[in-house]
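Dropping the structures in below, format is structure tokens.
In the two complexes below, chain A is the common chain; its partner is chain B in one and chain C in the other.
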Partner chain A sequence: MASELTLEAVDQDGAIAEVLDELTGGTRADFLGKAVVGGSALTAALAAPAAAKQRNTANDIAILRFDLGLEYLQADMYSEAERLGRLKPRTLDWARVVGANERAHVKAIRGLLGRDAIKSPKFNFRGVTEDDAVFTETAVAFEDLTAALLKTQATQVDSRGILAALVSLHSVEARHAAWIRHIAGIVPAADAIDEPTSKAKVVRLVRSTKFVTSTPRTKARRKPRYTG
Partner chain B sequence: MEWDSVSPRLTRAQVVARGTAAAGALTAGGLLIGGLPGPSLSQPSAAQDERVLEWLLEVEQLEARLYTEAEQRGALRGELGELAKVVGDQERAHVAALERALGGASGSKGPAFDFGEATTDPRQFLEAAIEVEELSLAAFNGQVPNLTDRRILLVMGIASVEARHVGWVRDLARLNPAPQPADAPATQAQTRAAIKDTGFTA
Partner chain C sequence: MTRARRKQRSEFGTALALVGLLIGAALAIVLLGGSSDRSSAEPSLPPSPRSALAPKNVALGPDPVAYWAPVRARASVRVSPTQSQVVGEVQRRTPEGTTNLVLVLGNAQRVGRTLWVEVRFPGVPDDGRGWVPRSVLGGYTPVRTRLIVDRARLTATLLRGRRRVFRARVGVGTPSTPTPGGHFYVRNQLHRYRSPFYGPIAFGTSGRSSEVSDWPAGGFVGIHGTNRPDLIPGRVSYGCIRMANADILRLARLMPVGTPLTVR
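And then the complex of A and B:
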């Protein structure tokens, strides 16, 4: 339940349009600083000012918020692996390149959501970012499932523009999946046609990792509890 | 590993050249997405689905032909040979799936191609595979927004595997498998031009 709330965190009032607070402030600055390296043109275009775009439907907002939560998780996990530098050289290369891509995805999806973007949850990767075998296995699961989820969502979004954006991210996730599989010595393309997967299955994976330690607070002003 | 000695490394100049080309294409794709335009053809319909699938079948026939010829000529060793077999099987399955979706085999095998040494020389094969996979992926990505929901899963299910092929081949070639955070779509005209640029059209 906690993970599902975390990733969706739907706030009907739009109150979550407040800027990222100190919980993620440093991380966010990092995102914005480094995303440019990987993405530039497309990222900038994807992150066009919200005012210039049509309003997203409630359905599309829910889909994009779920994806944003997933991208936050991946971006943070790979960025942490890069920062710690404990993985084998090829895995570390993967984390560096894919981390930059996922940070660019965060920025792009935040751009699509505009004021409806959710803040990042807090994560604890529990040593996974320092253990090559576990990191690789986890990354394969996340990349395969993200690519599969985006297929399902492509049939669910209302806006053809958002569909086009998801399609352009989708194949990058599949590239990531093939690459980490190749590093791990697993067949990069196991089937002739990749199947879609449900959001429920992705939620189960996220919950099983126990990486999410706090949900983005949508009622932040009412409960300013910073203890510890 | 065995394929370390088999897979030639592309020169730095080639890497840079490819990166630049990709960045150029990306700008077009980025603007397309950022501006949230409609589909490039018209509103999705069953009739339009058919035209799109016929087009993508043509692209798949090029891919299938490259790997089938490489496998038949049998000159590629190690992981390159394995790749030609695995990817070839999948491209032939894509041709069959698209033909099924279109109501049966078209009878046409598509245009003729002359791959020259690209199906026997390891270095040329890698370059050809990267070129053909990248242009195919962009062609598939470009058509998804033109499809009805009924066909989106089929086309994305294939595009996803093309993206995996790109990732695999680029890693083998020691090129960044995912050099950009988003893949640019290509129109039919852009893809036709890219196919012509390969020099494989007989």
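And then the complex of A and C:
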């Protein structure tokens, strides 16, 4: 059934095609003529953001860079938790699945930004990845805020293509938030309507964690004094 | 004429009703059949929506050999989280002025409000380890490489995962100033200095010579180049591991700081 759905049928306002245009440098007509949702051609096109030709506005670049920073943080935190393996099995399963998602988000946003992508900062998770209760609490805060932030940004981006990308990320972040809330014993969907949140609030949260740290200086231009 | 039309209409109506009945019966059969099938089948969920961006998750890379962490504050190293007996101390800086590092060994324990982690730390004999509060350490950095120095065969071998990526002949300590054996790690890299004796690049390790502890910076063992390649391989040093300059330059491209070092 999926192979009979054309991109045109599911993308009537052209948003997905527009992001594909940006990603691959092709024309929308090319995709509408050729792509079939679920088919290998579309999958290949969607998976090729690294070779993207970028035409992002300064506003969109700023938004995507901020999101990339947040995705770096989440991807690193969940990856470290998975590697250290000190969480409870249920939380560790969550970190394993969500970590794979967040690493994909990093790759996707880097692809959208192309040369405008920022490098990952250095993180110090201060034991959060080694303590189940603290990890769960922190993950709830980050997933809730990320989902809320993406909703805010959806009204701020210039490009419909970037909007389509943010919406794709948003629904997955909302799933992460619901799942980790369930693990934490918090009602996943307590309210009927979600409120968006501001970038400033996310910045405050990130700063309060003190996770972003400086790179240690391990190289020096100095004469050795080793035993020789 | 009118009667004929009425008769025609009546016949048409009857035929329509019959067709309707047939369609209804057919639908009922299909639906009933379908529902009986459904009741016996497993409940199924609709497939997840496809991502509009990179559709595939990104798997975690290969497992690291170890983690290292910078020391953010001077701290005593305890024998265990629950015992106050001190087995050493870690400083923020190395004698060379770089950030001091510890190797994170993978065990953590919360005692009260303090999370303690087990570390290998500099300046202690073979496999010296102890516990420090997590709060005195910075972020963890994974490393996938491991350097093995074989004092009998006079070789240095770098492994990435299980794959050998580097091997070179080395000079080690003389019998009176031997290179200490055990488990250590690389904690800094020095370069662009003016000392042909150490070659173009020198790595500092956490290992310390037991014989030359009066050395200016405490007698820590280095891995470096040399201005006497003719002495390599051999037992020629004060405890350091020397190799040809071309080899140390090649090693510097492959071996990050934090790499665990085994001297056997």
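Remarks
One rule holds in what follows: the second predicted complex is superposed on the first by the 160 of 228 C-alpha atoms of A that agree within 3 Å, B and C clash if a C-alpha of one lies under 4 Å from a C-alpha of the other, contacts with A are read in each partner's own complex, and residues count from 1 in each chain.
Heads up, the rule we're going with is that a contact is a pair of C-beta atoms (placed from the backbone, for glycine too) under 8 Å apart; a residue touches a chain by one contact, two chains touch by 3 or more.
Every value quoted in this text rests on a predicted model; they were computed, and no experiment measured them.
By the document's definition of touching, both partners, chain B and chain C, reach A:108. Contacts of A:192 after superposition on the shared chain: chain B is touched, whereas chain C is not. In the superposition on chain A, contact is made by A:100 with both chain B and chain C. With both structures placed on the common chain, the touch criterion links A:151 to chain B but leaves chain C unconnected.
When both complexes are overlaid on chain A, the residue A:79 reaches chain C alone and has no touch with chain B.
Using the contact criterion defined above for the overlaid structures, shared-chain residue A:171 touches chain B and also reaches chain C. The contact surfaces that chain B and chain C form on chain A in the two complexes overlap at residues 38, 43, 46, 97, 100-101, 104-105, 108, 164-165, 167-169, 171-172. Contact residues of chain A toward chain B in the complex are 35, 38-46, 48, 53-54, 97-98, 100-102, 104-105, 108, 147, 150-151, 154-155, 159-165, 167-172, 174-179, 182-183, 187-189, 191-196.
Of all residues in chain C, only 47, 49-60, 63-64, 70, 95-99, 101, 106, 108, 110, 115, 117, 134-135, 137-140, 142, 173, 177, 187-195, 197-198, 202, 204, 209, 212, 215-217, 219-222, 224, 237-240, 257-258 touch chain A in the complex they form. Within the complex formed with chain A, the residues of chain B that make contact are 23, 26-27, 29-39, 86-87, 89-90, 93-94, 97, 137, 141, 144-145, 149, 152-154, 156-168, 170-172, 176-185.
By the touch rule above, chain A contacts chain C in their complex via residues 2, 16, 19, 37-38, 43, 46-47, 49, 79-80, 82-84, 86, 96-97, 99-101, 103-108, 111-112, 122-127, 130-131, 164-165, 167-169, 171-172, 213, 216-228.
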